[in-house]
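Some structures to go through are shown next.
One chain, chain A, appears in both complexes that follow, with chain B as partner in the first and chain C in the second.
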Partner chain A sequence: MHGRLKVRTSAEEAARKKKEQDLKAKAYRNGMDKIFTLRNAENFDNNLLELSGKILSVNPDITTLWNIRRECIIKMTTDNPDSASTLFDRDLNFTELCLQVQPKSYGAWHHRSWILENSPKPDWNREVSLCTLYLKKDERNFHCWDYRRYVARKANLSAESEFKFCDEKIQKNFSNYSSWFYRSQLLPVLHPHPSDSSRPISEEKLKEELEIVITAAFTDPNDSSAWFYQRWLLGYSDPKLDLACFKLTQSQAVIAFTKLVDLSKDKITISTNTSLDKGIWRSLSGNKSDSIWIQKGEFEISDDILIKMNHNDKTFELEARKIDNNSIIGIKLPSFGYEFGAAVKEELKNQLDSCNQLLEFEPDSKWTLLTAALLMRSIDRFQYHEKTLEYVRKLQKVDSLRAGYYMDLASKWILEEKLKNMVESGKFDKIDLSSLDLSVVYYNQFLFIGNEINLQNNSKLNKKSCKFALVDGCKVTF
Partner chain B sequence: MDFIDEDFIDHNKNNKNNHKKMEVDQNEELPTKFDMEMTIKYVANHGNDKNDFEYTMTEFLRMSGIYWGTTCLDIMGHLDKLDKKSIIEFIKNCQCKKSGGIAACDSHDPHILYSLSAVQILCIYDALDEIDIPALGKYVQSLQQIDGSFFGDKWGEVDTRFSFCAVAILALTNQMNLIDVDKAVEFVMSCVNPDGGFGSKPYAESHAGLIYCCVGFLSITHNLHRLETEKLAWWLCERQLKSGGLNGRPEKLPDVCYSWWVLSSLTIMGKAHWIDGAKLKEFIISCLDTETGGFSDRPGNMPDIFHTLFGIGALSLLGYENLKKINPTFCMPEEIVSKIYQAQILEY
Partner chain C sequence: MDDLPKEFDLIVIGTGFQESVIAAATSRVGKTVLHIDQNEFYGGFWASFNLENFMTHLNRDTGDKKCKIRNVSQEWFEFTEEKSEINGWNKEKIISEGRRFNIDLIPKLNYCNGKLVELLISSNICRYTEFRAVDKVLTVLNGKIDVVPGSRADIFTKKNVSIIEKRLLMKFITQCVEYKREENNESFKEESFDFPDDGKFIDLMKQQKLTDNLIHYILYAMCMANTETTFKEGLEAIRTYLTSIGRYGNTPYLFPMFGCGEIPQCFCRLCAVFGGVYWLGQKINDIQLINDESGNELVKMNFGNEEISAKKLVCGLDSNFIDLNQNPFEYISRAVIITSSPLGGSTVNSDMDGGGVVLLYYPVEGKSDGITMIQLAHYTSCISKGLYLIHLSTTCQNGAKSDLQPFVETFLRHDHDAETEDDTKPTILFSTYFEIPSSIKGHDYVSQQNGPIYSCSGAFSELDYDESIRQSRLLYSKMYPNDEFLPKAPEPEEIIIGDDDDDREGNVNLGVLADLVPENKEDTDKVLEKEDMNKTQ
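Moving on to the complex of A and B:
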């Protein structure tokens, strides 16, 4: 049903085709009737294999026919165990035939793995070779890639040898997202980061990879495959789970996390060594998961509090201090991205230079603009703050399909800068976020700390994103 | 949700600098208006000729075909064009007495894909009690594995599509307690990839259709907070091409069905505004067959009922006039789903 061009034909031609199709439909009907009759009579033999094979070789998506073949093979090998290897081999060859007709047939691929899983002597290495061959014909067939990962594990192939295969594929053609994708799975196995589990690969390897990918990306700057890989190397800024912010007043306690959490399910425990430990946290929104959780009650504002969160045997801490007689607050900003070492930063600076050079010739090159902005953020996100915003605003125009994304991205970066300044100044009472062209408010989990938040003059702001405004004692003006 | 992947094989891809080929030629005169009347007829008449070649050769997915047809007719406000009685009779005949599962058509074997299609149709007709619901629940339960994953049928194929089907069936029939939901969630989460997407099983390449299944699964089980939405939604918004159409993986051709898989996932995550809705609308309508009605995968190709539903479904998500609102998680009319089950949707 996909990719079939509608062609105009003469009435004669159409009539001829109709006749031909009617015959085919009739033959199919007869074939299926015969097959079901034989199956109901439990005649699981060569004849049934042959009949189902005729139809499957034309249409390998008919799951029930594969099931019937399996029933035949089970029955025939039970009756005559000596026939097993012949039968299994024959069906392996048969699936190959079907995959030539339809290389994306779920049924044919699954039947192949069923044969091997049930075969007394499966040759997994042969399967790997077969994938190598098929991936030559179509280097993006994800059924084949996925099957390859499965058979490579079965054949006990090392990550090194798979990496070699994957690398050859990339060297042959940079524009192959599937190979870059596999690379991003293999590298963390081969070159894990020695100390930081949130970083996929070691700094040393990262530097090498950056060099490789930028060459690939510049070879064809309009092809997205390598740019996606580059972005993975630089790291996405989705934060890892941690405590974010805490505020205790006489009538309520508010605790916030860097991510949405479901405190009833996510095996997170909070301890403060205060009466709060006996109370119940409720999500701000009323939803099962939220980043802001509230406890109502009567609380004494006395000493500083150390909040501890336990999750998966890891402990996270947040120190909250008494700032006046009415509140105790604590705030811990996330890192907003990876912090790279000097050698990697040097390479990032070189790449930034290259991007900027390319932009002189092609000022509207989308991937170059985006990558340059991400590189600047990876080098020093606050030093380059204005420049990164300039690039993202430009992207809103040159890549207008995704203008909404870039608006949100700029809003996020603006908030990060504001939060950093707020924490550095130590002043949390009044937060001024007016006239910033914000489309969405990220980092709700830090903003409820203020008593007055000014969001005026952000005409495109999605107010639904300002959930923190629901926290009692938080006065927001739009 | 039967889900046919037809990710296009572009044999020219080895030839460098052929990006123009990755796009659709929009210089030809293409439809710019969606004439609903003709498409209503196209869907309503589908299958009138039981001996038709196409119809015969697709009997192995008949149940899904009927789901596609009923859903898009209902979204267009013309469910009355189909014969409810005979459809329900057909479904009843397809439920397997032994296993409780439902087959695509008579004599074929039960499968979780067609079990979901059947349940979706029955919900639309408010006729769930016409089949043996507890037996169907047991069937779904029997397919869950120790690691939380689901087989598609007793023959052991594992796929995140089947995880989606399982929880969708159980949510719509109010039997979620039959399975280990936590384990099911762990399995789906074990399929997250470094690019933020999901494939059909652990380590499998990210693909927009499978992303829909996993995001839909998390929406049904209220676990969307487990997603890294920024990363995933960016990958998804990059599926939009200059023509306005969406593809299923990087550097592939656009296809109307991805309008649904991508836009519904973005909608569930509150990020539908990350793509250009007006351009997508234009692309979908350019795939309308103005002679017969119905939508094809790309402009100028043969229409079919699968692309017709997913084109209309995406148009409904985009707020197209005179279409009923569609539920992004279940791909069914919102007015039907809202009476049965509340799935999780992120606002932004």
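Moving on to the complex of A and C:
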């Protein structure tokens, strides 16, 4: 058999693999032993770096070894400051080696930032190039995106160039949460809204972004990354802190905020120029943070009250009026979302047309139904109220796995409409929320204002969500 | 060649694709193979050449050979004193660079998930070759060259496709991939097409309300089909396309670096690794069938002073030893064109570098197959930087020039006027036309062959190698019904080096951990002791 290939049988090959694994395990244990012995003896020298380096280069996910390495480098550079730059440079190259083994190693990326923070001459631009390289190999490595945002800040890179980078990545593959997120961070810097600080970006840019995102959504509706970005654009973010509602009766005062606050900590001062200013506010739930706060006592129901809240040097006001001899109430209708300008509305209407066109031959397409509903609410949430509810009710059927989510969404929208009507009519005494198929009650901060709230005939209602029912003097029937 | 054995299990004449596959497969299962080519080069009709050898080869005297390249013509741009060069290139400069070129006689692409890629991986032959993913797929839409939105990223970024079209396109192609006729699941049926198998694919797309542009992209660019294509054929074509896209790049195709001539050669390499003997440039005088002592048929042949016998003989289409009545052939019309700017100009080449490999399928009215254009830039190592190698192929009907003229006259130009330059039409600096023999798709080449002399089919008029591989498998199983076809070749670490049997368990490679293995017994004991302690704990 001269000149013929001799090949191991699979059993022989398996034996060889096993031998290799056994030896590797022994080497690993032996190495770890040696490292701990050296560390316990405080022998912080090159030998320790070399030993830990061997093991880390095979498995860069051992946080303990990275810690020991840092300990070692600190000791060595304290003893001999001249060695610092060599040591840091060497370790920087070493982490790169580890990242080639495991590009998603928390330890290796963190060690890199530690070196640069401690190194006398960090080269941040080099780090940016490194990120570009790694993101070329895997555009969805979120470790690397995170690191990139950090080094780009350190290197003082312009938002323009970073935006361009993000855009290229999105064009290549839009299933990329990291890139969409970075985009949402950069846009407010590059295209801030000229007048309204609560709006992240200008209307012109918003229009363009909406176009991009609907294109992504139509290309691959099952990819959720674009949807999340669309939500951000259309403003489904946390409401800004503000006063929401106030009610004073002879025995208690109730004040509510648009979001959870901790009055003992958050440096919020409430001034009313009445005896309330001296009393103590307690949260309704007893938790440290709450959106509804109560002060018990004996109060005089006399004049209208102007409530002022000061937070971070900003003052918010709420006018409360005496409506009868028993109560003084004030309510500020919340903003349920952004109010868009004409150009953006035009774009939203175009997109709505596209959705409706598509629904003609894909009537059960769940993502088209949802987008259409969200678009309608962004154009004019109350004008399209019935239509949006119709779409969401349909979604409960065609996408039954998420029926609960759609029901909650409908409940929220119904309540928004009720609240608006209530504030417009100025009648707060009795609030009728019966037979609305509610699953959850949002906007608790506004509902305690009524004396009688009817929630009957909502069979799927989660009563736990009706926190306002705990407020004294608020009669709720389920 | 003193020590050349006198007897082989198999002799293969010709180093074309199918011959090389058979040689590799036979050698791989431990049989002895002598692989001969009467040419001085590998590949036969499948070869790639530099410019000089390419021209020499096309123009060489092939005597009274029946199956050969025919109707060769060539033409250079007339460089004059006023027009001494175009984009820095003239005849002399191109010729002086010509050694860098790799010009294919028959250019082909592979589907990333096609039979060739599958075979290269399953047999481990992939280690002998390198590919480049095709960069762009073009099409001619309303008379203009346009980029086909093939992948999800393309569809997302494509400007002149409305969002509704994007949705329709994505939905249609997704449905094509998921479509199963056998599926009895009711909910599945609803999502499926209600359409007869033999209905026309184009009618299905119309039924699905796809717009004309979308139908064009799918029918002509993705499926390379025509209006007569049935639903079943179209479905298969689009599935091949879609399951290949995104595997190695943004398009579904691969092109071999250094040209298609590399493909047969990588099979030859495997054959040689397993002991196959190679002999190129050897004239073969005569072949005889004899019976050995036990009455078995043997093939005997003389070359030079040598007399060699083998149990079986395989001949390639270009070998002169096959019966052309049993193995009918036709021709492929070919053009090889060199330009100094990429096809389509700046409208489809944002950075004007022409990409690496560009594919365009151009349907021709009244002809079942259209013209396939493959444009290569220097990234493929087939042409110099700044030049573009344009390959045109179609089945031969009225001769190469006339068959390919519809494309050449529309998208290329013979003159050059820098002033009024329409940069979408590159000027032809050099062109050659020829017709090359090919086998007929659908013809049964294998079942009548009973040995001991077998013949191979040539290239088929297809974009990839699938039919050639299917034919190779058929022929091999006819020759060796009990032997496996190209099983996985061993990895380097599975190969035993030297004659020593001690290496059966082999050297283990521990990398940087090697010197951490406890050396002396004491250390090992300590580690083992600790392991025991850990276990008892």
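Note that the second predicted complex is superposed on the first by the 396 of 478 C-alpha atoms of A that agree within 3 Å, B and C clash if a C-alpha of one lies under 4 Å from a C-alpha of the other, contacts with A are read in each partner's own complex, and residues count from 1 in each chain.
Basically, contacts are C-beta pairs under 8 Å (C-beta built on N, C-alpha and C of every residue); 3 or more make two chains touch, one makes a residue touch a chain.
Bear in mind that the values here come from a model prediction, so they are computed numbers and not experimental data.
Once chain A of one complex is fitted onto chain A of the other, the partner contacts of A:215 are limited to chain C, with no touch recorded for chain B. Once chain A of one complex is fitted onto chain A of the other, the partner contacts of A:121 are absent, as it touches neither chain B nor chain C.
Between chain B and chain C, B contacts the larger number of chain A residues.
Of the two partner chains, chain B and chain C are each touched by A:173. By the touch criterion defined above, A:57 lies against chain C but remains apart from chain B after alignment on the C-alpha atoms of chain A. Of the two partner chains placed around the shared chain by superposition, chain C is the only one that A:30 touches, whereas chain B remains out of contact.
By the document's definition of touching, neither partner reaches A:278: not chain B, not chain C.
In the superposition on chain A, A:358 makes contact with chain C only, not with chain B. In the overlay built on the shared chain, the residue A:15 is in contact with chain C alone; chain B does not reach it. Put simply, chain A uses residues 3-6, 24, 28-29, 173, 220 to touch chain B in one complex and chain C in the other. Listing the residues of chain A that touch chain B in their complex gives 1-6, 21-22, 24-25, 28-29, 32, 36, 59, 61-64, 66-67, 70, 103-104, 106, 110, 114, 117, 138-142, 145-146, 149-150, 173, 175, 177-178, 181-182, 184-185, 188, 200, 220, 222-225, 228, 232, 236-238, 259-262, 265, 287-289, 400-405, 408, 440, 462, 464-465. Of all the residues in chain B, the ones that touch chain A in their complex are 4-11, 13-14, 16-17, 19, 51-53, 56-57, 60-61, 103, 107-109, 111, 153, 155-157, 159, 182, 193-196, 199-201, 203-207, 222-225, 228-231, 233-235, 237-238, 240, 242, 244, 249-252, 255, 271, 273-276, 279, 289, 296-298, 300-302, 304, 306-307, 344, 347-348.
The part of chain A that touches chain C in the complex is made up of residues 3-8, 12-13, 15-16, 19-20, 23-24, 26-31, 33-34, 51, 54-55, 57-58, 171-174, 214-216, 218-221, 351, 354, 357-358, 361-362. Only residues 30, 152-153, 155-157, 162-164, 166-167, 170-171, 209, 273-275, 490, 493-496, 504-506, 508-514, 516-518, 523-524, 526-527, 530-531 of chain C touch chain A when the two sit together in their complex.
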